[in-house]
Each structure stands twice: as C-alpha cells, then as structure tokens.
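Going by the order they are written in, the chains are A, B, C, D, E and F; count residues from 1 in each one.
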Amino acid sequence: MDNSMRYQAGLEKLTRIDGEAGAAVIEALSDIAPDLGKYIIEFAFGDIYCREGLSLQEREVLTLASLLSLGGCENQLKVHIHAALNIGIAANKIVEVMLHCIPYVGFPRVLNAVFTTKQIFLEQDGR
Amino acid sequence: MDNSMRYQAGLEKLTRIDGEAGAAVIEALSDIAPDLGKYIIEFAFGDIYCREGLSLQEREVLTLASLLSLGGCENQLKVHIHAALNIGIAANKIVEVMLHCIPYVGFPRVLNAVFTTKQIFLEQDGR
Amino acid sequence: MDNSMRYQAGLEKLTRIDGEAGAAVIEALSDIAPDLGKYIIEFAFGDIYCREGLSLQEREVLTLASLLSLGGCENQLKVHIHAALNIGIAANKIVEVMLHCIPYVGFPRVLNAVFTTKQIFLEQDGR
Amino acid sequence: MDNSMRYQAGLEKLTRIDGEAGAAVIEALSDIAPDLGKYIIEFAFGDIYCREGLSLQEREVLTLASLLSLGGCENQLKVHIHAALNIGIAANKIVEVMLHCIPYVGFPRVLNAVFTTKQIFLEQDGR
Amino acid sequence: MDNSMRYQAGLEKLTRIDGEAGAAVIEALSDIAPDLGKYIIEFAFGDIYCREGLSLQEREVLTLASLLSLGGCENQLKVHIHAALNIGIAANKIVEVMLHCIPYVGFPRVLNAVFTTKQIFLEQDGR
Amino acid sequence: MDNSMRYQAGLEKLTRIDGEAGAAVIEALSDIAPDLGKYIIEFAFGDIYCREGLSLQEREVLTLASLLSLGGCENQLKVHIHAALNIGIAANKIVEVMLHCIPYVGFPRVLNAVFTTKQIFLEQDGR
C-alpha cells in the first residue's frame, strides 16, 4: 500500500466516524500544521482505525476510555463523543463507559468527561 | 441492598473475573489496609462491575485501555490481563486493544503495556 | 450499615463540607448520570470522608494537594477551595498548601491552582 | 551569590525571555501568592535558566516539549510560545518541536499545543 | 539571607526530616548531578520546607498525597514514608492519608502507594 | 513515497540513532506485536525523525525532555539516553537537559531520569 492509499483509506474512515467534526479539525490545522492533519488521517485513521480485530464501535468506546483516563483532552473527547453517537453508540452507553473508569482514574476525570458529554447532549437537543 | 450484599456480589464478581490473582491482591492488603481491599470489592466490583449496560468482556477491555492510558499501573495491568484471558478474551484481542491506544497516548505507554503482556504470555507458556 | 445509611451519611458530610457547591454538582448530574452523583455521595463522602483517623480539615487540605498534583482538575479544585473556606481553613493556608507542592509537581500545576484560588477570592470579595 | 543577586539575575533573564508576558504573571501573583512569583524568578529563572550548558533557544524549545508532554498547561504554553518568538525562534520551528512529540505523547496533547500556538499567531497577525 | 544560609537551613531540615535516607539521595547524586542535590536542599528544603504556615507533619502528609497522585514516584514515596515515620507520624495515619486519595486518583495509584508502604513496614519489622 | 520506503527510511534512521538498542526493542516485539514495531519504524522514525526543521541532536534532546515529563517511561529513557550518547551528545548535556525540566515537572520525575542516566553511565564505565 502506498501512502496516498493510506491517506485515502484514513480519510474515508475519519469521515465515516466523525462526519463534519473530524474534517473540521483537519481543516483547522491546514494553515498552521498541515502535516499534523495528514498524520492523523494516515496514521491514526489509515493505520490504526483500519486494522481488523476490533469493530468500529469497540474502537470508539476504547477511545473514550483512553481520552478520559489521559486527562486534559476535553476537546478530543467532544469530537469522539460526536463520533460515538454518529456510528450508532447509544447515549447511555457512552455514559456507562465513563462510569466504568471511576475505579481506575477517580471521580474528577470522570466528572470532566460526563459534563463534556452533557454539554454535547444539550447542544443536540437545542438544535 | 445492604453493604454485606454489595460485598458478596463484588467478591463473586472479582472471583469470576480475576480468579486467584484478584483474591491475592485483597489478601496482600489484609494486614496493612484491609479497608482498601473492602472498597475494591464493594465499590469497584460490587457497584461498578455489577452494573448493567456493558458486558463483562467490554468492561475488561475498557479497563485495559484505562490502565494503559493512566501510565505507571503495570501491576494492575498484570491482574487485568490475567482477568481478560480468564473470561475468554483472546490474547491477540488484548494486544489489539493496546495498539488502538497508540494515537491517544503515544508509543511509550503502549510499549510498557505490551511488554507486560508478553511477560504474562511467557509465564503461561512456561507452565 | 445499609446503603441508604451510607447515602444519608455521605449527603450530610457533603452538605457540611461543600454547602451549596457540592449539591449543585450532584444536581447537575441528575439528568445525565445520576448514579455518578450517588457514588460520589455514597463512596467519596459516605465511605471515605466519614472515616476516622483524619480531621475534616486534614482531609480537605489533602484533597487540594491531590487535585493540584493530578492536573486538569480546576473545576474540582474550585469546589474544594470553597469547601476548605467553608469548614474554616484560612485563605492563606490554602495558598500555603499549594506552594508546598511546587517541588513535587513543578510550577505550572501550582500556578493553575493558585490562579483558580485567586478567581474564587475575587468572586467572594465582589459579592 | 546572595539571594538578592539571584532575584536580580532571574528578573533580568525573565524580562529578556518573556518580555511583558512574564512580568504580567508575576504581577498577577503579587496579591495572592507573592512568594510564588519570587520563587519563579529566583529558582526557575535565576537558578535554572541562568545555568550554562544550554543556549537560551535550546532551553525554550525544551520548555515547550516539557509543558506539552505534561498536559493541562495551556496557559504556561502561551507564555513560552511568546517567549520563544521573542528570543528569535521561528514560528515553524515551534510547530516542528510540537510535531516531534507525537510519538511520545500521542495526538491529543500535540493538538492542544498546536491550537494554542495557532491562537497566538492569529492574535499577533490581528495586531 | 545568602545562599549558603539557604543551603545550611535546607540541609538541617532535610536531616531532621529524612535522616539518613535523604542524605543518601543527595550523596547518590554527587557524581552525576551535584547541582540537583544542591537544588533539592536549597529550594525544596531550604525555601519550601522552612516556610511557616504549615507544621512539619502537615507538610509530610501533603507530600505523600502529592507523590501518590502524581504516579510513578515510588522511590520518592519510600523516602517520604520513612520521613513521615521519622518525624512521628503514626503508621496507620500514613495509610489513612493514602486511602483518602482513592476518590481523586482511583485505586491503582493508591494500591501502588500502599504496597510501597507495606514493603517499608516489613523491612522495618525485619530489622 | 510508498510504505516500504517509509519503513526503509525509518529503519535506517533508527539504526543510525539507536544502534543495537533500538533494533532489540523491535525484535522483542516480533512475536507479540510485530505491527507495533512496524509503526515505530514507519511512523516514529520514518515519518517524524526523518522530517526536516530540527537536527537529529535537537530531536534527541526533545525526546529526553518529553519522556522525562511524561513520567513512568524509564525503559524508553534508557533507549534514548543510549541514542543521545550514540549520536554524539555529551553526557553532561544529557544531564543538563534533565535539570532544565525541574521547574516544569518537579524534582521526582527529574530524579527518576537522572538515576536512570547514572545507571547507564555506570554500565558503560563497567565495560
């Protein structure tokens, strides 16, 4: 596989998962660090998300758990909460994934993630 | 539900998941901090792992992603890699979960987790 | 002790410590993740804060040091700076606790915590 | 060297590096935690930045990598992106330093840092 | 105060708190990074631990909470568990401080700290 | 550029930088997670380390600062301390890079990094 195919496969995966929100991140990078957008598409989505062995829904809930546990990634959580909803993960499952992490990371990071989720749900209801 | 029921439910869940390794952690705490073992059983396993909304296998892979992302939790990863194998998660799926986290946490924490996994696989093959 | 007693004891402790700010967090969770609020009351306040061996003031300053060291928990720091003031910890002692952490966590996380504290002090003076 | 000399050397270094932005941080601390400002000047700038063995430009790019990797330090990153520009580090080198960290810390923390950089570049262009 | 006085004050404080263990850390640094040892004495112990506003025992329990929350600092925890015992903090209070942090940092980092403590207690009983 | 060229370029860069130590990491992954080794070569070394804009020596010192600041990456620090020495960075400059990070990450993570460095220097002197 050459790199243009990785890019193409990654872009399709990104669009499939994140819809407009993912494309908006890449676009926002185009003036300051276009290669960062390229690596996200090629490596994160082209190499990793295109792997077999886990379903897309499994990958998204793992992403939520990883971002929540890392801390300080509320902007990335927003993109991936949208992505999770977008690929058909139920809203209450998203919250359940976050509650599962309490014993491992404590309440503060879970609270940050849940309030980020609440904000997204409120924005969607407000449309 | 009273607390003795939470404890009982948690202990059954812990035993179901972790087998001997989980019980060994609780036992190791019995002289220095028995309440820490009690909270792990009551809260982590009785309250959280007994919740509905996610299967046991879904919970274990989330735990692996959370511990890996947190960093510095190799001992807890060992317990939960054993647990994952114990409840029927395939060895290559465990590794796949870890590879999925590369874009979010970088290579070093994934390397630490994968080498911890390798050590466990080698110990099991050596039996 | 049954669970309703844990909840009741935790709620009293939370109200005693955090006053309105703690109740506001629980209320804000009621639509999206009511169990998260329940666990905070039952486990964090009912189980942990109700333990003997440390005074309430000792627990609050430890909470400030833990949240500051964790990083990215400015919202939780706000609640617990209010709590610390509420249970009679002097404003300059709160700052002193934060300065003590410099050698362990470096200046940036201490700066984040101190500026969060300043914002609260300014809001209170502005009342 | 007595302490007033450390303070003086640190203040000169801080002013040389950060210009107004550094002085503004110290000033913002003067009412709530003046000693925190003093330690930043004496220790961070007087002791560490005045050491030999690394050029000022080398120190600033290391600072960017350290703050980015730590996470949750966007306010401190702002000060040091300004500082880096101020001492003559090219804008595209600042971005390059951040991209170099992707394999070690993952995309989210690099994205946070790059978007913080973009905000500063936009503010400067808007002047 | 000139720097030799800061060093002297810090060294006395370090010796008072950590006894031999602290001196051993400084000694171990003498060939590779003597200035690191000097900064620990001058800044951490001379500037910070010599401040008023918190008792030495208050400072040590804050240090334990900060190191535990930071994660990956088991070697430093060992030095400060010894220090805490050395200045008269009861063994069960050290454990209580660690249990207090569960809601903020989760079980894994508390388990790491408690097992580090257990190891020290066992070594002391074995003398 | 197709992927086999990325792999080839990355492998040459890895060999140039890390010598045997880097190859040993990849080899150790070959049975459990060969794709992880492939990504390290293709992405970390082929894409990132092969970028222009920073010299190889600049990249290595940034790597040291990033790994030190992340915490819990002592094994990766070992590989990159060897790498830094291998490409001609002086031993005292490696230590200087670590001391520079004290104000940002605090003493514990710097101590962990410096003692890791000392261990490597001792092993080399012992040859």
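Here is the rule we use: contacts are C-beta pairs under 8 Å (C-beta built on N, C-alpha and C of every residue); 3 or more make two chains touch, one makes a residue touch a chain.
Which protein is which chain? UniProt says A, B, C, D, E, F = Carboxymuconolactone decarboxylase.
These numbers were taken from a predicted model, which means no experiment stands behind them.
Any chain bridging chain B and chain F, meaning touching each of them, is among A, C, D, E; the list is complete.
Comparing the CA-atom centres of all chains against that of chain E, the greatest distance is found for A. Because chain E and chain F share one sequence, their contact can be compared position by position; here under half of the interface residue numbers appear on both sides.
Among the remaining chains, the Cα-based centre furthest from that of chain B is the centre of D. Separating the centre of chain D from that of chain F, both taken as means of CA atoms, is a distance of 24 Å. Taking the mean of the C-alpha atoms as each chain's centre, chain B and chain E sit 30 Å apart. Chain geometry summary: the mean Cα position of chain B and that of chain D are 40 Å apart. Taken residue by residue, chain B touches two or more other chains at 35, 39-40, 43-44, 51, 67, 70-73, 76, 99, 102-108, whereas all remaining positions touch fewer.
Within the complex formed with chain C, the chain B residues making contact are 1-3, 6, 35, 39, 43, 47, 51.
Within the complex, the chain B residues that touch chain D are 102-108.
Remark: chain F residues 25, 28-29, 31-33, 35-36, 39-40, 44, 67, 70-73, 75-76 touch chain B in the complex. The touching residues of chain C, when paired with chain E in their complex, are 40, 43-44, 48, 51, 53-54, 58-59, 61-63, 65-70, 73, 76, 92-93, 96-97, 99-105. Within the complex formed with chain F, the residues of chain B that make contact are 71-72, 95, 98-99, 102, 106-112, 114-115, 117-118, 121.
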